[in-house]
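Before anything else, here is the set of structures, which you'll find just below.
In what comes next, chain A is part of two complexes: it sits with chain B in the first one and with chain C in the second one.
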Partner chain A sequence: MGVLDKLGVGIGWRPEIDLTVERLPGVDFVEVVAENLHVEHLPESILLLRERGVPVLPHAVSLSLGSADPVEPDRVEHLGAVAEALGAPLVSDHVCFVRAGGLDSGHLMPVPRTRDALDVLVANVKTAQANLPVPLALENIAALLEWPDGELTEGQFLAELVERTDCHLLIDVANLHANALNLGTDPNRFLDEIPLERLAYVHVAGGVEHNGVYHDTHAHAVRPEVLELLGELRSRVDPPGVLLERDDNYPSDTELAGELAAIRGVLARHA
Partner chain B sequence: MNGDQRERLARAQAELLGALLAGGPSPAGFDQRLLAVEANSLLAKRRGIVAMLNPEVADVLADRFRPLFDEYARAHPRRTGSRAREDAVDFAAWARERGELPTEKPNRWWRRKAT
Partner chain C sequence: MTSGTTISGRPGISAEEFGYLAGGPGRAAEVAVVRLLEGGLLRISREGVVSAVASGAAGAGTPLEAYALGAARTGRMLGDLVKSTATSEAASALRQHLVDRGLVVSDARRKTWSTVRVLCFVAFFAAIALTIVFRVHFGVAIGVAVVALLLRWFAGRMRRPVRRAGRREVGRVKVAAGDRVGMVAQMGLLGRVGQFPRMYYVWEMLGIVPSAGATLRRRKPVRNSGDTGTMYGSSCNSCSSCSSGCGADNSGCGSGSSCGSSGDSGSSCSSGSSCGSSCGGGGGD
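The block that comes next holds the complex of A and B.
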């Protein structure tokens, strides 16, 4: 997988923490939200990181590949243009839908785990891949609800998606934790079922529990249970990269450095 | 993949978003409690984005911001192609129309238009 063989440990670049990301020690790669970038006006901080040779991977949130509607070409084109401007080896989005029936949910919604929905997703993913200059990785989302009449487990659904589209996987262990707690997904079975050899990298993020429901906020500290799942994953495969996502309620540099160190610690202990 | 599959999925997805965002009937087979959790979570995210984009309006409305925004949001689910900034502007206009916000922004010399 070329450069993806050794992405290392990284953090999500956000404008609010641009200087922090630049000066944190041991940031091997970063991710940017593709929709927030204009190819003609890339942030100086991103250009600086590129000059240093830090890989910058575009992460999309709006392709809505799980939608019944066909893929919107402009969104795919923008993602591809960002990838080319950044010299990125890979781009990503989620296994989800965002829009339906003329409404925009503003968030990542789960798709039904049915054959119908999988066939539509596969067709959309193939369309996106045909129009992207680099490989596509798809991420498991944190769902708060589950569709009735699922025919496949989440792991089986992703495995079949990979088999039929040859996409890569971006596995978010916080989302896996969320689904385990909220929907009863078995995380070990999930890790058994997905093709780990197609793993591009891993997301780690913080969240909070309210009234027995785990919310994947990216605005709180990373929970020990999430790091445990990272260890579980690491004991099965050496992931090319692991990336910390923090999107709000930004803590001190020291705290973020501590979370990156904790990730490195887990990876080393389970090697 | 055939057109029927897209059609069926389109109906199911539209029904779910209609229930979560626009007060439509709950689709069959879903856990009612989780539908409510999801609807609240989507509403909170949208409210947070509008508060961030237009902090002045959120400040002026203070305690009234949340109930007013939630009422506005349920009556005006975000349409595809709309932008978050438009949502913030539309909410302020809606609140102003209802007399919840001053109708005119205070005149400041740097905003005064030449007439």
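The block that comes next holds the complex of A and C.
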């Protein structure tokens, strides 16, 4: 896996907390939302981190690889350009669709887990891979619904996707927790079914449970159950990297450092 | 009202009050924002976006800080946040508090003296016109003109935003070394410290990155002496106090030279006519 052999522990870089990210001790890598960057005008903070040798991984949210429509070349081209500008070893997006029939959902929508939908997804992923300069990793999403007539479990769906496209996996343990609570899925079975040797890195994020529904807000503290799932994953494989995502309601530097320390603690305890 | 922390350990005057007296509401707003930044209740990004730290909701020590904290909830550019805070009701309340304490001149009093200045101006030219047109005795005309000028000068002093007691308070404050909030109150974020050629902006001393510091703007001139904007130049009408209260924001005032582009009428500091609205607290607006 080359440079992904060991990414370490990182945090999602966001403009609001750029100085915090720069100052936090022991940040081994960061992730940026690719759509928010302009290749010609990369943020000073990102350039500074690159100068320090910190890997910066572009994370996309708009390729809509699960759409029945073909992938939009401009979006793939932008993602590739960002990856090249940052010297990133890989890029990522989600197993989802965000637009259909010319309309944007504004959310990451789950893909029906049917063989037909998988064929469409595989075709789009292969198109994207052919136009990207670096490997592509795909992330499991937190879904509030499941389409009917699914033929595969989420783990089986991802395993077959990896087998047919040779893509990497970006596993979000908070999304696993969300799906377990909201849809009744079994995270352990998911971990049993996916090819962990293709794991690029792991996402950890906070959320909140409201009226029996878990909301993957990225704006609250990481819950102990999510860290337990990270421990479960770590007991099966040593992930190249683990990244904390926080997108709003940013806590103090101390609290963010505490969450990163908690992640390191889990990784060490389950080694 | 809550007056906040005292400045450099001096009882009786808070950092915000000192900032207001030294540089107007913009300076007081800067004090509030910087104290929140120093306390970790606000954070600032490289681009100058100031946002409230999630856990710091209850940490505001003054109404002005509470306003700034609330305004930064969704993220505001540093310059915009200071401006918004300076024009908030909390800033007006702080001003009224200083008026009640006899440290700042009320709007009504300032308007009265402004009117007197205008009348003196009219009287001066009327005296000259009467001499030329109606052959009024030259000595009488000269006497009226001199009295008008003297009264206009006196009215100019009387309409200064900060009263003598307020200026005395400012003079008594000795900002302790290492008092970062006090430094802001005294000089403003756009104030300069150090000796040439090693001079630095106060915001640089605070560790604010240049791109964020660039969001700070010097205050635009305000012609209407009755609005709160005039208070920005509280200490500038007297150029003797410009060196500390205004020099931070308008070096032209400190030297007593023309306020130039920032002066509302382009007259000089020594006349006391325009600096009041063009200097001091400029960093905050």
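Heads up, the rule we're going with is that the second predicted complex is superposed on the first by the 271 of 271 C-alpha atoms of A that agree within 3 Å, B and C clash if a C-alpha of one lies under 4 Å from a C-alpha of the other, contacts with A are read in each partner's own complex, and residues count from 1 in each chain.
Everything below uses one rule, namely that contacts are C-beta pairs under 8 Å (C-beta built on N, C-alpha and C of every residue); 3 or more make two chains touch, one makes a residue touch a chain.
Just so it is clear, the model here is predicted, and its values are computed rather than measured.
By the document's definition of touching, of the two partners only chain B reaches A:D104; chain C does not.
Of the two partner chains, neither chain B nor chain C is touched by A:P133. Contacts of A:G265 after superposition: neither chain B nor chain C is touched. Legend: residue contacts after superposition of the two complexes on their common chain; A:P112 is shown touching chain B, with no touch to chain C. When the shared chain is aligned, chain C comes close enough to touch A:P15, but chain B does not.
The wider contact with chain A, measured as residues touched, comes from B rather than the other of chain B and chain C. When both complexes are overlaid on chain A, the residue A:S45 reaches chain C alone and has no touch with chain B. Applying the stated touch rule to the two superposed structures, the chain B and chain C interfaces on chain A have no residue in common. Residues of chain A that touch chain B in their complex: 67-69, 97, 99-107, 109, 112, 116-117, 119-120, 122-123, 144-149, 182, 213, 215. The part of chain B that touches chain A in the complex is made up of residues 1, 5-10, 12-18, 20-22, 28-31, 34-35, 37-38, 41-42, 45-46, 49, 77-82, 84.
Of all residues in chain C, those touching chain A in their complex are 40, 43-47, 49, 51, 53-56, 75, 209, 211. Every residue of chain A that touches chain C in the complex is listed here, in rising order: 15-20, 43-45, 249-255.
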